[in-house]
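Here is the structure we will look at, set down as structure tokens.
Think of it as A, B and C in the order they're written, each chain with its own count starting at 1.
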Amino acid sequence: MIQFENVSKVYEDGFEALKDINFKVEEGELLVLIGPSGCGKTTTMKMINRLIEPTSGTVYIKGKPIKSQNPVDLRRDIGYVIQQIGLFPHMTIGENVSLIPKLKKQDPEEYMKKVDELLNMVGLNAKVYKKRYPKELSGGQQQRVGVVRALAADPSIILMDEPFSALDPISREQLQDELVKLQEEINKTIVFVTHDMDEALKIADRVCIMKNGQIVQLDTPERILRHPANDFVRDFIGENRLNELNENNFPPIEEVMTKAITIKPMRGLAESNKVLNKNKVDSLIVVDNNDVFLGVASAWDIYRNFENEDMVVKDVMKNDYAYITIYESLEKALTLIKESKKGYVLVLDEKHRVKGVITNGSLVRLFVDEFTN
Amino acid sequence: MDIRKLRKKLVLGAVMLILSISLAACGSSSSKKIVVGGKDFTEQDILVNIVSELIEAKTDIKVDRKPYLGGSSVVTSSLQSGDVDIMVDYTGTGLVSVLKEEVIADADEAYRVVKERYDNDFGIKWLEPLGFNNTFAITMRKEMADEIGIETISQLKDHAKDLSFASTQEFLEREDGYDSMKEIYGIEFKDVKAMDPGLAYTAIKEEQVDISVSFATDGRIPAFGLKILEDDKNFFPPYDAAILVRNDILEEYSELEDVLNSIAGKLTDEEMAKLNAQVDLEKKDSKQVAKQWLVEKGII
Amino acid sequence: MGTENIFLSFINTMNERWSMVLDSLISHIWLTLIALLIAVLIGVPLGIFLTRRRKIADFVIGVVSVFQTIPSLALLGFMIPLFGIGPKPAVIALTIYGLLPILQNTYTGIIGIDQGAKEAGKGMGMTSTQILFMVEIPLSISVIMAGIRTATVLIIGVTTLASLVGAGGLGDLIFRGISSVNPGLILSGAVPAAVLAIFFDFLLKFLEKKMTPRGLRD
């Protein structure tokens, strides 16, 4: 969606703000740019809407170099939320948020509907708030309006420049939560600048850590926490957060789980028995052709009905099994195993595809590894 | 020595110094010295110096020059009270401002009246007129006057409808000002602009207006090449200048009257205007200008 | 002369010379309005221009303030050779005197607006003309109007000087009064000038309030 190719920025006074930056932002991704002040994060972001022009290199949006596009038109297709909120104090909330669609000469009826919808979506009753002026709103409400304004013209990209940093901690947390929720619904490509690591870890799909005009590490929050690229990142994440991580030093589910022995639903019971014996397991996971979970057939279920030659495994399976998604913690898996009394818990992904299984056996193996290391 | 003590001594010293200076000043005024006072404009400054130079050159009397004392009333009351012994004044001023009399159009009559009244009322003597009459003057650029061939205000009558006139606010407001002049001479200008007196000179010099009203002895009249149109109907009240001396001084210094009268009638309008111009426009020292004139005239 | 007498002579003068007072007042108002209009037409665009060329702003405002300090008589003296006498040099001089507050308030008003609003406008894709008319001017209008108000009161005062170059106005009455030691005449020029200043100040304050966008009012 957005691509930086060998982008550098040298200011007139010789200050090198960016040194040969390369990265991509995927469509629908929320990328957080973070780093100490002067690291180039804001410069990077402002290059996307051409508020700052690179000295060399190219920025592409949807594969097209933005240098060749009219900056005004470009900016109208990119939502922009800034730290100081930047609502126009002389315009009502309604006028503020409908400004860009109006400048783009969109149909008033249509965009007004959209504006109402968006205001309601961020918890501001459109009927009440549209006629009000910014100063009549709290800081948190104002920045909600700021976000709505950025969204009003339905841009595919939104830039957010430390949008929550001026707010009190409670409003900030709320807005972060709302942003995550909103993003699930609107699924925009968002580039978000912050200096607050908690914020970054909370909202980001990927975090890009910058220092002295260079990218130090660009990865998912999870991987950055687990595998900081160097001491700078470690320092930047902070001892506290790393310690926190160590206190619950459970490996991710992915590392603990074992392969699930699966079977397709239309297989006969004799064949099922063969699979059981071959893999030395006491249950089979029934999945469809896309690996989507259908149920579990235990050895007991199979043997009990073994005489009936017309039955297939689908007929004997049960599907009330406890499962956990692959992104959740091992801690939760342990709790589930304990509660289910089945001795294992299924691991699925967000589309309910079977990824593996955590059994008592795999937990034992984990402990053995832990202690022998 | 500590600073505070030093400062105390300094202050004390300064106070003593000031006291001694002011005592000396008092002392000098009480010794035999004649005080010549002047009003607060250039012409009077020059006149104070002419009178003083003359006395110093021709007698042994010591003179104390006090030009720029203040307005007309300040100098006049100083003369009456004895703080000032000699001044130069104008008949029109004496008559109207001091004696509160009506304007007298005839110059000799005006002089006669002020002379008699000052002698009776204040014990002050008007010496012989100096020769210039610092009254209102209607001026025109010389070339223009030559071109259309006019010398007098009466001759303006036929040309006035094509001419613009720059006036001071004062002249427009005075009863013996513009309105009366219009009536007596029967002239109606194309255009009358009320202006600042100084700027009126600039305006006529820059040919923005054709006629202007000013005072007869203003230095800018010769300097800017202006011509005074003759007041052929004696419309403007006389403001003849003369030296005024208190009678007791004349008695005390018997030679003084003759000495002062030696310049009577010798200082014309044109000459006074030139002297004014030398000080005002050429920035010469008024004392030097005064002395030079006396020398040139062969008086000293 | 006692206060009572001055008041009486003022009333008498107004009675006897009301047509002259009226004429002077009208020409005073005209001179003021024309000079003000020109000062606004120069000061506001110049102030806006300077916000785009900040490097030269201090210099230009400095030059205009130097003009302001030229004594009026000297300024008018320079004008006569160039522009003659009458309303022309008067209006030019008045414009010069009124320019500084308008220029300065326009410049500082626009410079002083919330940078966030401007940056948001630019980042959202407003053209610089749109930012000027939809953001910068509405946000600084009260400061600009205050500058115009200051200039108006200033010009009304300085317009008395117009009578020094034959442009008329209430200064005629004041200077005639001074030269003839006539307090009544002085007052018949000074009082209408003061009333005029108060009236315009009030009027412009009202306008200033009206023009301030509702979201910016206290």
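Assume a contact is a pair of C-beta atoms (placed from the backbone, for glycine too) under 8 Å apart; a residue touches a chain by one contact, two chains touch by 3 or more.
As the structure is a computational prediction, the values presented were derived from the model and not from experiment.
Visitor: Would you say B-C or A-C is joined by more C-beta pairs in contact?
Guide: If we tally the contacting C-beta pairs, A-C comes out ahead.
Visitor: Going by the average position of its CA atoms, which chain sits the greatest distance from chain A?
Guide: So the chain farthest away from chain A turns out to be B.
Visitor: So the centre of each chain is just the mean of its C-alpha atoms; given that, what is the distance between chain A and chain B in Å?
Guide: Using C-alpha averages as centres, the distance is 98 Å.
Visitor: How many Å are there between the centre of chain A and the centre of chain C, using C-alpha atoms for each centre?
Guide: Their C-alpha centroids are separated by 61 Å.
Visitor: Would you kindly tell me how far, in whole Å, the mean C-alpha position of chain C lies from that of chain B?
Guide: One centre to the other, that is 40 Å.
Visitor: Could you pull out the residues of chain C that touch at least 2 other chains?
Guide: None at all.
Visitor: Using the touch definition from the top, list the residues of chain A that touch chain C in their complex.
Guide: Going by the criterion above, the answer is residues 46, 49, 51, 71-78, 80, 82-92, 99-100, 103, 133-135, 146, 149-150, 159.
Visitor: In the complex formed with chain A, which residues of chain C make contact?
Guide: 114-117, 119-127, 130, 134-135, 138-139, 213-216
Visitor: Spell out the part of chain C that touches chain B in their complex, as residue ranges.
Guide: It is residues 73, 76-77, 80-81, 84-86, 163-166, 168, 172, 175-180, 182, 185 of chain C that touch chain B.
Visitor: Which of the residues in chain B end up touching chain C in this complex?
Guide: 166, 168-170, 172-174, 193-196, 198-199, 202-203, 206, 208-209
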